[in-house]
């Protein structure tokens, strides 16, 4: 099932050595298997050069890690919404802390995604920029305080007020937008905590990609995500 | 009087040949004179290297053309809010179409301005990004469709719906934020039209800086701005 | 034959509508056919998302349109040398005028390509930056005065002194580096002229990608390239 | 004396809190005093907003921390060579590791400086990019391995081979270019060591700007620089 489902565990494979070539395929198949087993939303964002292969192979949503704000034309080295669609993917991350975008380009890139029937996960860094992001109307916002990315210190525990603040800000500005939280998410408990704080899922990378046993880690997250989701008011 | 007043004619001197060195001083003094004569708000944003001199000389608000998102530290070649304040200026433009910024940096730069008691004019390009900009809470938003900048085709006439849309969007998201419009503003009529559409002033550059008779041009704008302002409902 | 051969016609498919998805495949197969027929060097640089598919399909050199300066790791949305190699491609363009890079990043990206056994085509814009580029030791430099890109006015005719100057500069600084010229190359005559001026081939995009009859255009270029090559002193 | 002299101690004041407003003036006057006392070359690069004031006050060379590649025109927030000259300064740093530039822009910015009779200090990070930088013909290259900037671990001791390699590379490519080294330079001994390795001076920032006794630190550097300079073969 290629549609987005919530709670959602969004897996950004980045370009870790473990995620290149065959690695992307292996990690995406594990994600697909866990999604089926636990009946939970899981999406993968593989390296750009593997996007097409992964999108053709797995039955979960596949996202690009980045999208440029252009229409087809003379834009050497760019990633277009048209081409993401053509590759069979369902949408794109944009403005990740490792690939920040100009405000004007975020606006244009979201427009390009929409016109191509694709979904968007817009990354933001603070409650303030989350508010701005919500005003741009992406499908999903993933708030990630950059100072916690890759640390193993989960935002949901270290900065719960940022998650709660983001959820509230989005609700006020544009209640149709879903909120994920990211940065430091490493365990099922971190995921559960995120959902308790009002997020509808998480965005994570190294804790899955670089795990010794990715399937075990993801299964635990999926299981706890479902349980936390059921307890929501 | 160094405080912001409305209607406001904001003059971006850019780095036109006419605005370097003595030129910045001359153009800023003309602006000061017209502001007094017509009892209207006028501000100047001179080239960075003239900011201090101009701020020390004229009795109208002086703005930087850009501000970086950093605190004092190791940031070679940057323009800090602390230094803008130290120079005696009142605030800064940011995210001009010729100096676009990352969303994350806009959020941080606005924060830096606020903490230093400085005012902000955030430039945006579409109704969408204006909405996002308003959510970030600058003092003023200046909407400028980039395709009209420098053309002499005024946004207030060519794309009135953009001005109206921006005004409405801001009112809904963050009514404390003032709206200017820019791009192609060349005459008093363009200014009047902008105010009729709901803007509280204009942001312009070449029509003033490169005019044969800058004082005549600005006087006409000031006069018509005041008249249009009085007729506002 | 996946090795680089000279004279070389390097085809940058950019992200023109004609070059997305199936288009990239079609245009790459035509290039392969012409390369065989005329026994001339032709390479294609397809859109990033098609790189792997094209590299797996055609028997001519396939290049990425861009490469980032990073090693595998946390670099969301980046294109790594490791992944270009994994995809089966032979090298990468870098610093195209539509994807300019920092000097420091060009140095690092060339290093990444070398360590992965990949070839490089470094784009430059003037004789000066060609000299700098040559000092960095790429395999090939493609000089393209940006003001002529996409115009149909060939650099080999409009600015022969730039081509000659680039060839001489490279010879003096780093004679192992090959020189292509680009910008406005539209016909077999333009290609022949480039070779007469000392270039060892051309880099082109729209004249091939957007041609009504790409095969005819490319065949004519290949034919004239070979003839001009034979006449070289 | 506003002309460049060697050995040269180039002081980048960055935008440290100690270097804003009056701080820039104080630190520049100390530099002027030490330059006279020890009869040695010292230059200061103050924050942009203080450039004019400093250039009008001290009798040593004053440099901008950055220069953009543009001619006068519509380039909001840019720093032009024309304006640096107008401010009375003698030249500019460019491509500092905290303000990296595109290769194409470095070429154009150097051209802008030259046409305005200004001097250039081009920062580079490796022997490779130093070679490329030398080919662009700046007046001075300052090689600074970025990983050592601000650490207090001097490049002249930690990576002598980088300094030697840079000096040799420049000599081979463009012997008219002078070489400074930077990063971690904290004491007179570091300066002496740099000169022994073939550099004609140093570029430093925090060790001077943030020193408890800047005059003492700089005097010691000046003294040891002169001694090392006299011993040169």
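Order of writing sets the chain letters: A, B, C and D. Residues in each chain are counted from 1.
Here is the rule we go by: contacts are C-beta pairs under 8 Å (C-beta built on N, C-alpha and C of every residue); 3 or more make two chains touch, one makes a residue touch a chain.
Keep in mind that what you see is a predicted model, and the values were worked out from it rather than measured.
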Review point. Distance-wise, how many Å sit between the C-alpha centres of chain A and chain B, to the nearest whole number?
Key: 37
Review point. Hey, how far is the Cα centre of chain A from the one of chain D, in Å?
Key: 44
Check your understanding: If you look at chain C, which of its residues touch at least two other chains?
Key -> 97
Practice item. Indicate which of the five shapes (line, ring, star, complete, other) describes how the chains touch one another. Key: ring
Revision key, fill the gap. Which chains touch? The pairs are A-B, A-C, B-D, C-D
Revision key, fill the gap. Within the complex, chain C is touched by chain D residues 95, 97, 100-107, 110-111, 124-126, 128-129, 131-137, 173
Revision key, fill the gap. In the complex, chain D touches chain B at residues 12, 14-17, 20-21, 45, 47-53, 64-66, 70, 72-80, 82-84, 86-87, 93, 96-99, 149-150, 205-206
